[in-house]
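Shared between the two complexes below is chain A, which pairs with chain B and chain C, respectively.
On to the complex of A and B.
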């Protein structure tokens, strides 16, 4: 009886609702807003003699003007990147010296003093410790410089204007103007860039920004690019131009990354993501003086430390794996040598080699250790002099010596070019993958975002290698 | 096999070509074959019912020959299915004209209901573009069960009309009336509101979309002859061929309603001009519409351009003391009255 009553009431309400029609909801909402606006107009007094933020308008006029808007933007972004890359060199080498050249031998001798078995000592100190130390030395300084600067710009209110200026470009590829910011953030660190996509409130554009963030060359990859460009591309031209040419090569790679970002964004928005809801709006908040110390503090804690911690957590097991594959033997070959030989054929097709592919597999946790791993594996496979022993990553102080080892490993200019391309187009590091999962809460998109760049990388390096071999 | 970069390259392009032919969006063979598998008996029955329903509604008579021409199925299959449907009492023949039985009409209404509900869902809750709504709904109408349909309807708030202005039949088969007549039938100087935009055939619908004509907007006919129909709406002038205009249904507005004539779209606002918002067009739906309302784009708010963009789009608008950037297509859906 009771149920019947309720049913008939629900039935009646449905009936009435249907009769009222679709406009009802909109009218109600609009009515509420209109009433609220009326109340505000009646009760809140605004001093209309004071024009809205005079200074703001002046700044806005300049930073979004046709003549100055883009030059100012490029200048600021270039300065930030330059300060990061150049400025990070000094603390990085200091940290490297401390952690790798000083603490590492001390730990080794300490282990020897307490008669630690060689395998435990190798596993823990040469594997885990070295990988963690490397990641800290390479990763910490650029992040500690880049993030505070970026956060200061954000806090000041300049970054939304960048998104405003560039939105037109991003709209054409189906993305949101704010992706300009997350992309730039990606130049610092892809994981942080993925977190930064939270500022994009439209679901489709946010997914696009997350998936394509990997095409921003991150801090962990800049040093690789610069090193390889200096050794191989700089060597092609007269030495007077070599540093200029290698710099241009690196910039080309970064710009190519942006090209891939736009292309992939466009393709995604037209195919896989076309069903996702897409909205747009961009608030341009008033400028305010950045709260300097607070910003520095929060950017160090929120961005730098969290990312660094995640990187360490992932790098430690990677170090262990690297040591293990070089020291565990199947028959009379180490696992590393065996894998390299089986990957060599595929690597050759891509204009790379087995060492590089294996290095990228074990270095999924951190791009920073790619070069040390490549050097270690090359030395151990070719059997040339140098290096620090099986499974011990190392880097050389001299660029020339590094080049000699790589050339002994069979590297050519093609290998170098393709390594630079592959360094741009491969799966995101595990920190980023984990972050993508945390942000999207979707295994599907995480897997897609991880696999898609590698496939692109395979295709691009393959094509370059074939065409190169046909021409030369 | 000996390695040769040219062979490798050729092989690569062959594989890439095959993959493209198989999987390119919509027209790839893989999807085509998948769709063909779908055209089982149920689909054919439902499509026939739907066709008959639409024909009867518009007062046309159908024989088997026209039906075969209308539907994209194998002719033999259609004839067989029609035979089965007469046996199952869904349709019957009056001489050679096909007619729906009551049971058949109920069934057809259910299919129409799912189709229109799904279009409504696509419009409100997803980001698919307008061109795709119809085809996606065509697929979906054969998939949803009775209960799923009702859940969907409840989720959407039991809407009365689909995004094109077609009425959605209720659970019990009730249908709202679409007010108005086809645009070419309106005399010059009539003022009316667009209540329906027909989404078939595809070519004409695409033309209407390209013109940026919005559902629910007020129009005033200024020229109507056999070659073209010209009307003003939201500050813009639209010129349509009669065959295109016939796909628009417009309801005349009673004299008592005050007509605000100088309504324009926000996209037409120039720097230094100010205006009052008079509403958001029906074309802005779902999430986007809510966002705009949240940000204060409501009736009566004053608005002006705050910043123009160096690349032409988006402009930043000053509303309620905040600067908000909107793209052109969004601004076109906000209606204003210039001061």
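On to the complex of A and C.
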């Protein structure tokens, strides 16, 4: 009975729809706007006698201009990175000193005092504890500087201007202009960038944005880039210029990543994800002076601490795995050494080495621990003195000490350049992969988004290595 | 969070500032569900944070909130759950964020819908406000960013606006926690039925459409007496919205 009535209502609506014609939607929209205009006319007064200097408009004229838009963008990026690189040094070494030089020996002697078996002591203190300590010392300072600055820019209202500047590039590559926003979020964290793609309506363009988000250097990879650039690329020039040159190198990698993002978007929109570019309107919100201390506080608590916690959660088991593979022997070689030697040949082709490849396998859960893993594995394979034993991360008082170890492990400028490239071009971390699956609900696209960057990374590092070896 | 004595409401006997408790993410056994809707970048998340004491990340760009955030507060011993919806310009199209916002207001049946509007761009914001008022008859307009409006020399006659829209209007500057206490008080009044809204219905429609809408909504009301949004359902049926047709068949609209 009830269903019958509902059917008749629907039938009536179908009938009426024929009678009122095609203009219904437009008429309704016009009606709403007419009502709104009427209400506003009765209630809103704008005092136009006051001379209104629109600071917003003046700023926008400059930051979105054809001439200055891009230089200003790079200048801001460079300033943020420079402050991060310079500012992070001191607290980093302080933390390293505290956690590695002071706390670690105390833990070791404590373990010895209670007669902890050597394997448990190694597993917990040399594996788990040192990995966590390393991640805190290396990651916390740059994050605590980078995130608040990024959040201040975000609160100020600069991000939509970036989207505005980049819009034409995205359109040319067949992608959605709002991808600029998700890309920028990716500079903080790729998983967050992938979630942010929900602002893109078209499924085709959203998929492009999801797949290419990994080309935004995420916060787990900035420290790697900065450290390697400082050790190897900064060392090529006189020390007065070294921080400038390392900064330029890191920016080049970030910009290269954006290049790959445009290139891949373009290739996808011409092949697998062919289709029209959809139009959208982007509101440039007014600039709002950020509430400085509140922003600093929330970004420290919400962003920095959450990301750091995640890094710690993943670093702890990874530290354990590293210790295990270095201490479990097959014949007279440890599992780590055996894997590294079998990966060395392939690594050489790519201008990398077996240690780096194994480190990237161990570090799939979190990009943050690539460098500590590489260092530890290098020491255990080359048998440099100074390490406290197989599979043990050790104190690194300075960037120089890190450089010495890597050079002893056979690293050259080529290894460093290719590591930076491979750090840009490899599979997303497991959190991002899981997020991609949750957002796309497609195993096919998740696998594609995970494998494609690695293949690109192999191709690029291979080409660079071959050309490098021909020239030098 | 401190509650400074700032407004007349603080000293009013009807208002009990001690009765306000921010409950963060605790949203068990709530008495009322409140939806927070509005255009992108009008400060919904800031209002959300001010009410719940949470620190949902805010950012000055449209489209920041893509997931639905929930939080709670307690006022005069009644518990409220607050749902921060994604910002949308309209409810008439079919993108994911608009559908999410519309579905919650329609199917989630919030006890009060707080519509956050940018006082500087009221005319454009009213587009969404008028659409929401067709769906629900328990709403409060939160006229936010009043500090910026003042700087832009914009004055709004809130009393007339409230009369025209048929719902209470509260002016706020959520970034500076101004007007939040009044907002909570008004939400409380509407939720408890002390304020009865008579929401504005869209008027400037050609007569042939208006007649069709009337005919259809009379039929809908016959079938579902006491339905608050028969006119809006009529609009959607005339538009041929399959989701609404299915919902009607499944009886999800009452």
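Quick note on the criterion: the second predicted complex is superposed on the first by the 263 of 472 C-alpha atoms of A that agree within 3 Å, B and C clash if a C-alpha of one lies under 4 Å from a C-alpha of the other, contacts with A are read in each partner's own complex, and residues count from 1 in each chain.
To be clear about the criterion, a residue touches a chain if its C-beta (ideal position, glycine included) is under 8 Å from a C-beta of that chain, and two chains touch if they have at least 3 such contacts.
Because the structure is a prediction, the values reported are computed rather than measured.
K.L.:
Can A:447 be said to touch chain B (first), chain C (second), both, or neither?
P.N.:
neither
K.L.:
So in the superposed three-chain picture, is A:155 touching just chain B, just chain C, both, or none of them (first/second/both/neither)?
P.N.:
After superposing on A, A:155 lies in contact with chain C but is clear of chain B.
K.L.:
After the superposition on A, what does A:30 contact: first (chain B), second (chain C), both or neither?
P.N.:
both
K.L.:
Contacts for A:6 in the overlay, against chain B (first) and chain C (second): which applies, first, second, both or neither?
P.N.:
second
K.L.:
Is A:199 touching the first partner chain B, the second partner chain C, both, or neither of them?
P.N.:
second
K.L.:
Touching A:282, do we find chain B (first), chain C (second), both, or neither?
P.N.:
Touch status of A:282: both partners.
K.L.:
Based on the superposed arrangement, let me know which partner A:60 touches: chain B (first), chain C (second), both, or neither?
P.N.:
first
K.L.:
Check the residue A:164 against both partner chains and state whether it touches chain B (first), chain C (second), both, or neither.
P.N.:
It touches chain B, and chain C stays clear.
K.L.:
Using the touch definition from the top, say if A:274 reaches chain B (first), chain C (second), both or neither.
P.N.:
After superposition on chain A, A:274 lies in contact with chain B alone.
K.L.:
Need the overlap of the two footprints on chain A, from chain B and from chain C, as residue ranges.
P.N.:
17, 25, 29-30, 33-34, 37-38, 52, 201, 282-283, 285
K.L.:
For chain B, which residues count as touching chain A in their complex?
P.N.:
Going by the criterion above, the answer is residues 3, 5-6, 8-9, 12, 25, 125-129, 132, 157-161, 170, 174, 176, 279-280, 286-289, 291-293, 295-296, 298-301, 306-314, 316, 318, 320-327, 330.
K.L.:
Can you list the residues on chain A that touch chain C in the complex?
P.N.:
Per the touch definition, chain A meets chain C at residues 2-3, 5-6, 8-10, 12-13, 16-17, 19-20, 24-25, 27-40, 42-48, 50, 52, 151, 154-157, 159-160, 163, 178, 181, 195-196, 198-199, 201, 282-283, 285-288, 291, 298, 301-303.
K.L.:
Within the complex, which stretch of chain A touches chain B?
P.N.:
Spelled out, the residues of chain A in touch with chain B are 14, 17-18, 21-22, 25-26, 29-30, 33-34, 37-38, 52, 60-61, 64-66, 69-70, 164-169, 171, 177, 201, 203-204, 270-271, 273-285, 348-349, 462-463, 465-467, 469-470.
K.L.:
Quick one: which bits of chain C touch chain A in the complex? Just the residue numbers, please.
P.N.:
40-41, 55, 57-63, 66-67, 92, 95-97, 120, 122-124, 126-127, 130-131, 148, 152-158, 160-161, 164-165, 175, 200, 202-206, 208-209, 212, 215-216, 219-220, 222-223, 234-235, 237-240, 245, 248-249, 251
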